[in-house]
């Protein structure tokens, strides 16, 4: 097990009250495995990623739970111990490559500082490694590109640089927060392939945060679905996509346009994502749920309905049920 | 008691039902500091208006001055039988009275020049925005050129040519300040000009002056008022500075700045009060205006909030 | 870079030309040029001779042309009071003013940046609130009043610092400087701080606003995710981004500081060109006034140019666009 998150809660203390952005999330990723963390914007998937990195900023804070990374609880270690892990054993790739690189620092500075933050190496050695890393992610003539500034790169190229930085120390875990969302579709595919290649090459575990089911379907081994700060369903990718238990997961799947059902009206999830400050009691999805019943006013617990396939629902779809 | 719980409370109205002015007032009084500033400002203005009635003596009527009372410490009772609360200057002039009269001139110059600059600057700014093209380019090029030089340099240029005098100082301040109003008015008007109601007014073939003054100007007023408040404070400060340098008002009509300047020569010998108290009066006035202006900016123009 | 300069230089020249017209019209057309250019003590014959010699009987555009030609040759006439070239007189006083202005700009940065950084990093702490309140005071207090209070406190009451003058100076690089002697430094302390108050406030506000913005940016989060130390993030990633706007504004403000030195020099009897111009205005030594005004205009034009260039060097994005 590379990472095992148990009952993680991250809250934001605002003047209007406390917001539970992440509310009792448990998930785990084995070595070399890819977990797709799926949900709408505001569902808490990004905050979960930042919580694992311990980069949640005030007024947010980790309110409880354990983040076991190779046996160490990240929620308990000191800030300095955590810093030594960041960018070294656990790396992160951000959503918008246009914003992640510092505009006034050259690429070589931003790469060398990452190497030297964790290892005592000479500048020359660090530069050589930075160059190799750029070459590895498919950036042509890396020697020259090292001396360039971020704005001289396209969005796709910048994301490649960010990926190269993330892989500099061959980390055990990478958290990728929608790294392809801001890119053109053709570039998306390239970046996806690049990440897939590198993770399998180094045996890196990956948490891929996305709102795009089709990306996750193509990439991940396991899938975890988040809704309003809670994990509502978790299991093997094929299993979850073929036999969704939770009505929300099924709604998500049905919302994806499908070639085979052309002409048919898309199914939508009714209503809007509720505000985290004003969630319905019990199951937070019940007001939008087609299967709502009286029991849903009580908070559902996570239960393993099928083998290695859990859902947090009182009335899940049964796998034998006919969906069409 | 029970009835009062059930009866609706008329004094608590919802925001939407308030008149714009009431909403403005309730937003303004949120800051206690700003209310204090407004109170102090009101007091200062009243003192300035009623200075001849409030002051123990007329500091510029030489018959009322007693040279034997020169350079008395604050609080000493002089030949007139009343105490000089803030001391006297070398001619036996009661500093409290001198400050009251000095406030009049400082406020007159500051407010007067600000109003004039407001009228000229807003007119030119609106003209630039409404007509655009070459008129806009000519006016704004001049505004940019002038704003690239510091106010004190422009004032120095004008006063070194015209010499000192109340009207000359006011003229210098107007020339320094109009550009700020012009820039603000133009920026606000450009936003408003694109709105549909202006187009509608143009379609009705209303005269240009009517469109500008009845439709454009009222909508540009809030930012202009904010700038105006701040400019009154900086006009008063600049006038005081110029007078301190001997380039401002003449000795016969001393503003606070000139009082400070006059007292400056006695300070090194330890007679601090001749210079210090007029300075405090100046300071209180400027800070009060700025507090009010700061809150006005927050209330009238949420976009400018920092 | 060169093409950029070539594009900017005509603009700068045009500004100079416009301002020369303003000063010419001001000095030669509004006032009586005879009074302005000829000493009031001159006799009637001397006046007539002077009028012809100065070409005041010529049409106005010819007068402007000769004014312009003389200006180009650095000739704006001789001071009535000192009977030397007005420009020479000004240049002699320039080092003292520059010393004051540069020292206060430096002080503004040295004090303002750390305070602004602190206020930006811990915006809700009580210290930060005090810093920001102080900076509002720094903006709204008239600097001459602060100067007077400083003298009252440090010279008259405590007797720690001299109230005026430059103190001992040392000859270096063709001019005399106060900052190289301890006595000179003691004389500099109050004027420099007085002149720096506005800049300290300005730098605090700029730095704070910059920190608040940059600290929330993705690239700072990414820098944290890379495992950099907080020190490096603040000193390199945050500070380097803030430096650009701060340097620009502080640089642009240098001219204003030199202009405001007029006030500080008058209070602290600092023998720079600000004190000279006030003295000259008081005795109507108009060639000196013209020399000062034209020099200030030139300075503003040059400063604007230099700041644009510095901006290009510091910000790689601007540099590339202009290539």
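Letters are used for the chains, namely A, B and C, taken in the order the chains are written, and counting of residues starts over at 1 for each.
To be clear about the criterion, contacts are C-beta pairs under 8 Å (C-beta built on N, C-alpha and C of every residue); 3 or more make two chains touch, one makes a residue touch a chain.
Note that the structure is predicted; figures quoted are calculated from it, not measured.
> Going by the average position of its CA atoms, which chain sits the greatest distance from chain B?
When every chain centre is compared against chain B, the largest gap points to A.
> Counting C-beta pairs in contact, which two chains come out on top?
After counting contacts between each pair of chains, the winner is B-C.
> Please report how many Å separate the Cα centroid of chain A from that of chain B, as a whole number.
So the centroids are 57 Å from each other.
> Using mean CA coordinates as chain centres, what's the gap between chain B and chain C in Å?
26
> Could you tell me the distance, in whole angstrom, between the mean C-alpha positions of chain A and chain C?
The separation of the two C-alpha centroids amounts to 53 Å.
> Chain A: which residues touch two or more other chains?
none
> Can you list the chain B residues touching chain C in their complex?
145, 148-150, 152-153, 156-162, 233, 237, 240-241, 244-247, 257, 260, 264, 267-268, 270, 272, 275-276, 279, 282-283, 286-287, 290, 294, 306
> For a test of understanding, state which residues of chain A touch chain C in their complex under the given definition.
Going by the criterion above, the answer is residues 53, 55, 83-88, 91-92, 94, 96, 99-105, 113-114, 117-118, 149, 151-152, 162, 165.
> Residues of chain C touching chain A in their complex?
217-219, 221-229, 232, 236-237, 240-241, 244, 314-317, 320
> Name, in rising order, each residue of chain C that touches chain B in their complex.
15, 18, 22-23, 26-27, 30-31, 136-137, 139-145, 148-149, 151-152, 155-156, 163, 209, 255-256, 259-260, 262-263, 266-267, 277-278, 281-282, 289, 293, 296-297, 300, 304
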